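Listed next: structures, encoded as structure tokens.
Shared between the two complexes below is chain A, which has chain B as its partner in the first and chain C in the second.
Up next is the complex of A and B:
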């Protein structure tokens, strides 16, 4: 009886993929599928900002194949148990869902198979190494895996002459994923990790951890933790011993981290000791200018839009939406089952292709019958056979005027040596 | 009905069954026996982790996740192992906390246990892969059945439903038995029950372990469905969702627990996903900031508990007074034969 029930219910739907594209009427929807609440709540707005900017520019250019586009947010709460029904609900009830940004590391393992099965192209911001050799057709990643950030931090530290490193990372998933490659790369280079601390987040005091760090006598601290945690830790280090050079990751360049830590130890002090490795995004050039102009004009929908102007994740999320829209034009349909295959072609630097830097340019070039090579706000996109585009890292500092001057570049080739 | 909608509805159905199992276990402890277990979600988590590590196979160098005691046990051993692991942990915790402490101090111990457990699982990364948690947990009999994903999901829903029905019958068997009456007597006045010769500590320990086993099994069924488990899935507030379900449905009433699970973790929390992110108010287009609705969920759960405790503390389905034939009546009936 149970089997009969299953067969009957399942027969109500179709599981086969159509040979012809689906017909779409009305606005096309892109989802930002990320944590908007919980410990990683900062991920969602970062991603949504990129989607909104892309949607504005696509709509200004006349839409995609006659369709306007819109962005929606889907909160995963940073938890696989909540993310699974959120993904199912998004797929089942969102009309004209054609693509998405996300998921993040918090929920990727549980939800990528679900989204892949639904044939929704996803541009994930998960840094998990498990996706380095991804086999999901609809999974794409334009940002480096978290373990690459660890490698970049180690290389930069070694170049600066540091030989005794302390790994001081928050206990959360995103922070910890940097640690293994940081430790192994620094050792391979000839350095020594004298201390590896996993900090319980948001404690009022880290006195015993700081004392242990002082006793280990490092000449550099590698870190990623939430703003409150690092602010408390570093201010206690300042009191007990004096500051030690710090090399952070991309989340430490976020305004909230800079504000909290700068407030705790003094902005001038922070400027002297601080550097951070983040995925290389040029934050210049024609594609970035288009992105940045529209971003700054979107204050009605994006609070404090300038905070995302140099954010590599916001830039690649923007690039993801533009890439999907151009792939739709190439496939002549918004049906993901068909345009997904064109995504790699949009960004491929193939012979004779015209380099384009915006949706408008790409649309015009395609209309003129040309092949295109989209170079985005986050720089060139080079996809490997696993749908990953890792690229280089830049090391940025902090200046008291609030800017982040570039200190160094760690090339993709250097990272590949230690991956 | 589209495939996507079937996936969504079957997911909700499976979540409902798992939540009913969990709420029944906690209702046995809290509603029937009066044990305030603020660490209930820990026992769910232990079951989930146990089922995961005995299904994932041995850990190996280069694996993207690391854990202790990897094995590839066949179905249904992971579920049984999950129940056993949670039961053993319940026994240990119960022996420490239930023997000498008053109920309010027991509650504090449980809350602390919940915090310690989360911190341990997060920071001891070699135990169950730290904050990243475990992923790619095999689904039971997926390869053997050879069904397409949607059909498999409906089969899984039936399987979860069967387990839930068995759990319900088992729990009802306890609550309707003389043991159930003793537990309620202990809950209402433990000194009086002790004066009548009941071993209060043993009874509390027994029901604490039984509830723990149910929690562990529900965790195993959960992790085998979503195939991933991390500390973010079992933070201490999750226990309060179960408690809210009991208070709303009706404490110490098994049907109340079922209704509570339907209304709170599944209905109430899921319904908020459908609230609009933007709307028109007096002609103005209002856009809620992203995540506001979800952030308010915990506030809403707290308010729900307060409202029911204030206006309807007995819940939607109040506990029914036990019905049994007085000894005198039995004795007089015997004389008549």
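Up next is the complex of A and C:
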């Protein structure tokens, strides 16, 4: 009786892998699980663009194991209170859900365990350092964590000669996760954080906060906040004092942030003061060319597709879908409980492996009985034992023609020194 | 201390925007007893109306007047074609709150569909800064404060010196009795929505002038401080809303200058709670819950 009880409890507490894969009929579904509304609404379209491009190319290549694939969007609103029911609904109601991109930092802590329990491979764009030593089998991350972004910002600022920094970040979890390493690295380098402000989002006025910043006399402002918050803050700084050089994070290089802040302070002014650290994606090479060609041909589904051409997150979201599709072929099933174990093998640079740069190349190589090493649009993927792949950072500026010229590269080795 | 005086100046700007919005909000509530939670979205829609005019080459101050006109007409039509239909069917105070929340979501999503999820700014020429007693204010901010003063004085004069004002106060106090005494309450209610909408439209534009950029949710994000100012002063009391706006505006800016800025809302709402504990009906008001809904 006692044994039966223990077995029953154990069965209730975990889901176990069945001995044989599930059978799938019809189209396979990948979800973009991210904010599409709310303060971080720019994250979702960036992610969905990568998924759509990958799905087009997979379908053009004949699909995966005879299945066509599709992308759906699941709006988390950037809030765990909305994201948890959204995750539960997605898992319960989406037919043939085999993988997903997301979640973001806003909802990762709350939703990763739910998705992991459902055995859905997730390629998260969360930057939270809590996942640096991730223990969830179905969690994967191809972009560096936020604490690495903080280090990159500090190194670039110091190289530029800035010694007095003001950390002006939104009070949301996603923005605040950059702050500890930014502050500690800038201090280690010899700089001084003269002010550390946490901004309540979307206020009508930040003049008192700006006044405090001006009084601290920084020579650079480090920032990440939603577009309206930073636009109001910087326009009020412009009114009260004049602009100060700004170094932002990857969300500040999003079109929505650039449009809001550029509209508030003037594009020419923004071009003079702005730089942002974002994960380095070379935006060149054979894999990127395949991605970019299909991206630019997808205007009917992706508004202004060229805005994502150099976006490292869109590129890695694309790579995530391609990697999962190739893992399905290697496992000979779209069942996530089986192909999840093959994901690391798709990107591993193992001896004798054939380097491939697209789904089509990978599919052909696997059909020919070869081992593959997928090098993606975002560059090589080197997964550690925690399912994380990070790398260098690119510091980009802003030009009034809308482009983001590269200003500097902060290498992975430099970041590792301060991690 | 050196940052306290400028913070008071900044608080007066915030208070000016809040006052315009809160007086419009409470003026309509006092006459109709409908807690219109779509008010912030009408602000946003008016801000978009001004944006269209402004980007067609119209000066921003003229665009502001057009936004006031848009807000007035939109609010009156909103009442005529939506809220009134529910009131006629006997929907009470809390039912009407749900209806206004629904309208809020509908307006937001229509704006989102029409204008897409991005941010917008007005074409405004840079204005000079002026320093008074340690307070730094730009020409635009002085204009916002001036607009607020003119709006408040106008509401005061309308309310105390005109037959319409008396009719509005009578309708606000007891619509049934007002009707019995020959007051055309339907017309008075239309005028209340028009006036409230005009102030709402003005508030939408001056809010955007202050934040420099806006999206489909900007007005809705500002609704909580508006309601707080209205409730603090005594819901349904225009003078109370003015007082509430000054209190909330000053408290939030002073809090941002002397403690962690992320707590500025917390301080403002802590004051609201303390005041309501001491005086539940608000600073200047009677209790409105016993009144009937009129639209």
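Methods note: the second predicted complex is superposed on the first by the 403 of 419 C-alpha atoms of A that agree within 3 Å, B and C clash if a C-alpha of one lies under 4 Å from a C-alpha of the other, contacts with A are read in each partner's own complex, and residues count from 1 in each chain.
The working rule: a contact is a pair of C-beta atoms (placed from the backbone, for glycine too) under 8 Å apart; a residue touches a chain by one contact, two chains touch by 3 or more.
Quantities reported herein were computed from a predicted structural model and do not represent experimental measurements.
Undergrad: Could you tell me whether chain B and chain C fit or clash when both sit on chain A in the superposition?
TA: In the superposition, chain B runs into chain C.
Undergrad: Contacts for A:79 in the overlay, against chain B (first) and chain C (second): which applies, first, second, both or neither?
TA: After superposition on chain A, A:79 lies in contact with chain B alone.
Undergrad: Is A:19 in contact with chain B, with chain C, with both, or with neither (first, second, both, neither)?
TA: After superposition on chain A, A:19 lies in contact with neither partner.
Undergrad: Which partner does A:200 contact after superposing on A: first (chain B), second (chain C), both, neither?
TA: A:200 sits against chain B and chain C alike.
Undergrad: One more residue to check, A:240. First (chain B), second (chain C), both or neither?
TA: Second partner only.
Undergrad: Just to be sure I read the superposition right, which of the two partners does A:41 touch: chain B = first, chain C = second, or both, or neither?
TA: Both partners.
Undergrad: According to the stated criteria, A:208 is in contact with first (chain B), second (chain C), both, or neither; which is it?
TA: In the superposition, A:208 touches chain C alone.
Undergrad: More residues of chain A are touched by which chain, chain B or chain C?
TA: It is B that touches the greater number of chain A residues.
Undergrad: Considering only touches as defined above, state whether A:367 meets chain B (first), chain C (second), both or neither.
TA: neither
Undergrad: Could you look at A:268 and tell me whether it touches chain B, chain C, both or neither (first, second, both, neither)?
TA: Neither chain B nor chain C is touched by A:268.
Undergrad: Touching A:171 in the superposition: chain B (first), chain C (second), both, neither?
TA: A:171 contacts both chain B and chain C.
Undergrad: Based on the A-chain superposition described above, do chain B and chain C contact any of the same residues on chain A, and if so which?
TA: Residues 37, 41, 171, 198, 200, which sit in both footprints.
Undergrad: Under the touch definition given earlier, write down the residues of chain C that touch chain A in their complex.
TA: Going through chain C, the ones touching chain A are 2-3, 6-7, 10-11, 13-14, 17, 117-121, 129, 136, 138, 207, 210-215, 218, 221-222, 225, 252-254, 256-257, 260-265.
Undergrad: Which of the residues in chain B come into contact with chain A in the complex?
TA: Residues 1-9, 11-12, 15, 64-65, 119, 122-123, 125, 130-133, 135-136, 147-151, 154-155, 158, 222, 226-230, 232-233, 270, 273-274, 277, 287, 289-291, 293-295.
Undergrad: Per the contact definition, I'd like the list of chain A residues that touch chain C in the complex.
TA: Residues of chain A touching chain C: 37, 41, 171, 197-200, 202-209, 211-212, 215, 227-228, 231-232, 235-236, 239-240, 255-256, 259-261, 263-265.
Undergrad: Which positions of chain A touch chain B when the two form their complex?
TA: Where chain A meets chain B, its residues are 2-3, 5-7, 9-10, 12-15, 32, 36-39, 41, 44-45, 48, 72-73, 75, 77-82, 84-86, 88-89, 91-93, 105-106, 109-110, 113-114, 117-118, 128-130, 171-173, 175-177, 198, 200, 301, 303.
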